[in-house]
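Shared between the two complexes below is chain A, which has chain B as its partner in the first and chain C in the second.
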Partner chain A sequence: MADKGYLPKEKIKEFVEALGKDAAVYAPCLEGDTITFRQYTPDKEISLDRPANTPPKGAIYPQCETLLSFEFKKDAATPQKMDVELKANTDFPKAVVFGGRPCDAKGFTVIDRVFVNTDTADPYYKKRRENTTIVTKCCNGPYAGCFCVGVGGGPASREGSDVVMTEVDGGYYLEAVTEKGKAVMSLPIIQDGSSYEAKAKQANEKATGAVRNPFPADARISPELFDSGDFWGRVVEKCVSCGACTFLCPTCYCFNITDEQAITTGERIRSWDSCMFQHFTLETSGHNPRPAKYKRFRNRVGHKFSYYPEKYDGAIACTGCGRCIRYCPVSVDISEIVGYLKDPKADPKQWAADKKDAKN
Partner chain B sequence: MSTQKLKEIIKQVLPDVETVICWQEGYDKLNVTPIFITSPEQVDQVVWNPLCAQNLASYLPSQKKKVAVAVKGCDSRTIVQYMQEGLIDRNNVVIIGIPCKGTVSKKKVQKAIGNEPVEEVTFTDDAIKVKTPSGEKTLALADVCPTKCTSCQFPTPIVYDQLTGDAIKSDKPPESVYADVVELEGKTLEERKAYFASQFDKCIRCYACRNACPMCVCQDSCIAETRDPHWITQRNSLDEKVMFHMIHALHLAGRCVECGECERVCPMEIPVAKLKKKINKEMKDLFDYTPGVNPEDKPPMYTFNVDEAKIKEHKL
Partner chain C sequence: MTGNENPYLPELATVMKVIDETPNIKSFQVVFNDPEKMKNFKFEPGQVGQLSVFGVGESTFVINSPPTRMDYLQFSVMKAGEVTTALHGIYEGDVIGVRAPLGNWFPYQDMKGKNILFVGGGIGLAPLRTLILYMLDNRADYKDITIIYGSRTPPDLCYKDDLKEWEERSDVNLILTVDNEFPGWEKRTGFVPTVLKEEAPKSDNTIAITCGPPIMIKFVLQGLAELKFPEENIITTLEARMKCGIGLCGRCNLGHKYICKDGPVFSLKQLKELPSDE
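Take a look at the complex of A and B:
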């Protein structure tokens, strides 16, 4: 029942099965060369070797979810009248997100501010979030593109997690962060881990020291450079406008709502949208406030590093997980772009298009 | 080394064009990223090595002015296909051809080095040396190249204005191009269905494959996304994912230049090029046509013969 536990590596599967006794466990599963979060079943192979290709965001905020189903029915008494019957989706089973990284767990806290900590909370996300326990694995070191320490996180950050696990001698040192986490620690499979605490702390510090910080301390975003079309045109020229960066992001939460209707029945679904797509915020009138690629890209960077922090006491809506860099088809590096914006010597004139109009 | 020659050529053509599209070092030593050169000072940043896998020709249709582009043999097929389909004005493109002995798949290297951060990368004639915190690893290029390089028929660009080195002849047998498709064809329908289901199930509908595809010309009007008409639902079920990939593949029938971009960019590591290669193989059998090889050719789906030699018509 200690707050400090230990789990030998070979008992991971057993641990996940214990967590799954009364909950759906979402774990990083190896499929070919891909690691992706799946609802755990015994035929799946869990991999904690590297961060998964996808964040676990979808476990609480699914890529596509049914908000309600509807059915049109004819009124027998007045046949020209159609009634519609609505049924809201209220099925939110207990769940565990297992094996995400600290950046992944922190991602949920970014979404919480928008979907939960507001007077118009989103019932779907809120209920799922309440019913989910987050067991996070700290990173042993950085991976390609990672920059969590640059955005106030770290490879052993506890923010958003209920339990954190650190790799030590042949197993994991576990620490409860919240009351929900303490419940996990009371599972009989967890051994006493007090003797590993010092080693885990050392491992965490070593990992933290190895992560790059691409931004100068306390630097603010230059509004002049942010407003420069030349700057964005230059840094975004190579972008192919796909949605990989946003769909792999642990904090992106923009969505679209569509009615998927058959003849008399259908569902209203909410699915992830991406500001990288041309259709994003396309208005019914046909007007598109962000018709150019660079305007949409600026929205992504601005949302994470400017608009969101302005609204939520300086909190940055990026956890530095590095996926958007690692998996970008053309290696666009958001940390490089924000680095330019935060450079105290930033000067829009340096980016002026000398030979051509780069805004396409 | 041809990097020097490449830089010389860029400096030479730059005054005549608005932009030169080439590669430069990316966010770490294992990554290169496109560079759009508009001034001579940028030329020093140019790199050419087996990591330059990206097909830069894909940027051409969106360029409004005269540009120069660096292309490998495989990439040059994109330009040929663009010419066949009237998607670019050849007079507005200066093609800098690079004879290429094969590229490297970043994903394969990362896997081989246990996904450790990369500190240094160097190349020898047939190997890549990667330095990580736990030591140096030497990997044979043949072991970490993308599938397309194992059967490359066009190591030297088909069209070019300047060449950075001596032309290279392919040493790969032509029948090796579709070896992976033939292997797949040998499986039963059920096996093939299970294979594609397990692969496409990983799709996150980010459309990286579509947007990186040089021949995907619908782009913003793609039926996978249009709201009006609402052709495909936004659900993320396997059916919807397969539907999108089938549409992508069918729209490329006899047009896919097999540059492998769709597969290279997939963040979920789905072998998305397989469907397209299968269709290309069928097109080759039916019309004896290879996309992106001869600028004078007409793509078979752009035309028809009243009597197709290998298509049995329904005779009423």
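Take a look at the complex of A and C:
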């Protein structure tokens, strides 16, 4: 089968079911007004109309997962002695992330650098990532708040995807990006798509040209711009530290580890955490390296636009999906803040007048 | 650790001995249940480990026994939160989990042929202890060794047997202090940074290594700067709230460095190059 395919719109459900023959398919499903990634079952309604409210991050990096289970054991001969048995499972079934956007697929590549490309790789993420095929839908144009082009991506970017789909003529033009993608293209449901290639290219270019770029040059922030506590105090004045920006982010990966136990068995569980929470860095002694909201916010922006790029050859840990802007309950806009810091005419010191707000 | 292991999976270990160091600090001497693991275990002075009490959680502690004495690994724990309280309920013979070694270590090879100044406060002596014992086991490699150590009160001094031994040795200069006068205490009184100022050790060909409560470290660093110690010759070891211990969970960063993996040992020069949380 060719690397270029076509799928009529009405066959989407059938396609997803074919993908699901030997894998769990995570697809954007309509639930009331919300579109969120769920493991597909025939009773669910898939929607590709707009980017989902949530990224598909949880398909490979679940919000909660068991790292290990333990069992306390005793034997009759030595009743005073308690032994512990540990088990860890890193054997996961095959999966497909279907219908995410290029910013969502790129999000996985941001996490890969931290979780896979290291001498202490995370075996849970790594195995799921290897077992997952990513079939991405390119965007027809920008959505409120998004700015993928400003952070090195684009509405038709291939980065992180195995297959990309572009909307054309009542259906989708499909292109394999990787070997895993070629396997998808060999499904009998995929028709030949060579004749749609030019049209898809045109659609991709049109969409790319329509996305805003809030940054004059690249998006990387130099560490010196982080000195002004006054500036950061002012920008986070309205932030309510709810953490929605981090939970809806396709690149945020911070986590917590906690134990749960019932009688003689228990589990060690990893769950998403948020650097926007005060207790994230709170130490038992009461000391907290980031006790103030502005310090936590500065660290979040700094991580994405300065510290991560410092460590990974300039790569930005933000894919411009715009979710943190769209769903922030108080409309904090990260693109505005980074754009301001990148503006050569801007002077963060001008915020000094608002000094009283800096310590909140 | 090699890339093929599950870095979250602790090694089971048995607590062989529990030592009451102070009213709220206990030391645990542990041995891996798998004798092969124990035989092949390698670490460097300053590296840390995560101790697990299954059902309660994990916390990070420095391995404070030296790699030159491998009969057991020793960790010291101040009772403060959930995991440390659970550890204080551990008896000899109990099984805990250990993930180690984690993090970097003291650049002890670069310290050969130099004078060494240790400045510690309270349980901050734990990471210094591993290096002190390592150096005493390789005494000829190092020149003068001075240890300034203090705690709130005499009962709060850790490793009393070690202190006694170091005090008796002619090749170690040990200066002990407690914050205030205390019945029966005939040695110095005063905060560690003040004693450092009074002692005014020479900075020539000397490496200073300090660990203690954040406020003590702050003033010790100031004091060392006044004594003209170059920033690259001032070494400290940091702590932070940690979960994974392998640079992934995101909470112990200083800019792009993670205390758990890139640290915990940093020179003052390295720290000054990182964005501060001020």
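As a convention for this text, the second predicted complex is superposed on the first by the 344 of 360 C-alpha atoms of A that agree within 3 Å, B and C clash if a C-alpha of one lies under 4 Å from a C-alpha of the other, contacts with A are read in each partner's own complex, and residues count from 1 in each chain.
We take it that a residue touches a chain if its C-beta (ideal position, glycine included) is under 8 Å from a C-beta of that chain, and two chains touch if they have at least 3 such contacts.
Model, not experiment: these values are computed from the prediction.
> Using the touch definition from the top, say if A:64 reaches chain B (first), chain C (second), both or neither.
first
> With the two complexes superposed on chain A, say which partner A:280 touches: chain B (first), chain C (second), both, or neither.
Only chain C; A:280 stays clear of chain B.
> Taking the superposition as given, does A:256 touch the first partner, chain B, the second, chain C, both, or neither?
Both partners, chain B and chain C.
> Does the superposition put A:295 against chain B (first), chain C (second), both, or neither?
Touch partner of A:295: chain C, not chain B.
> Please work out whether A:333 is in contact with chain B alone, chain C alone, both, or neither, and reply first, second, both or neither.
In the superposed model, A:333 contacts chain B only, not chain C.
> Is A:92 in contact with chain B, with chain C, with both, or with neither (first, second, both, neither)?
Neither partner.
> Is A:145 touching anything from chain B or chain C once the two structures are fitted on A? First, second, both or neither.
The answer is first: A:145 touches chain B but not chain C.
> If we overlay the two complexes on their shared chain A, which of chain B and chain C does A:83 touch? Say first, second, both or neither.
second
> What is the contact status of A:53 with respect to chain B (first) and chain C (second): first, second, both, or neither?
first
> Please identify the positions on chain A that touch both chain B and chain C, taking each partner from its own complex.
256, 258, 260, 282
> Can you name the residues of chain A that touch chain B in the complex?
Residues in contact with chain B: 31-34, 36, 49-50, 53-54, 63-64, 141-145, 234, 237-238, 240-244, 246-248, 256, 258, 260, 269, 271, 274, 277-279, 282, 323, 325, 327, 329-333, 335-336, 353-356, 358, 360.
> Taking the complex as given, what residues does chain A use to touch chain C?
For this pair, the touching residues of chain A are 67-68, 70, 72, 80-84, 86, 88, 90, 114-115, 118-123, 223, 226, 229, 253-261, 266, 268, 270, 273, 275, 280-285, 287, 289-290, 295, 299, 302-303, 306-308, 310-311.
> Can you tell me which positions in chain C touch chain A when the two form their complex?
Those residues of chain C that touch chain A are 1-3, 6-10, 12, 54-58, 80-81, 84, 93-95, 97, 214, 239-241, 243-244, 246-253, 255-256, 261, 275, 277-278.
> Flag every residue of chain B that touches chain A in the complex, lowest number first.
18-19, 26-28, 30-34, 36, 38-39, 54, 58-59, 62, 64-65, 107, 110-111, 114-115, 117-118, 133, 198-199, 202, 204-208, 210-212, 219-220, 225-227, 230, 233-236, 261, 264-265, 267-270
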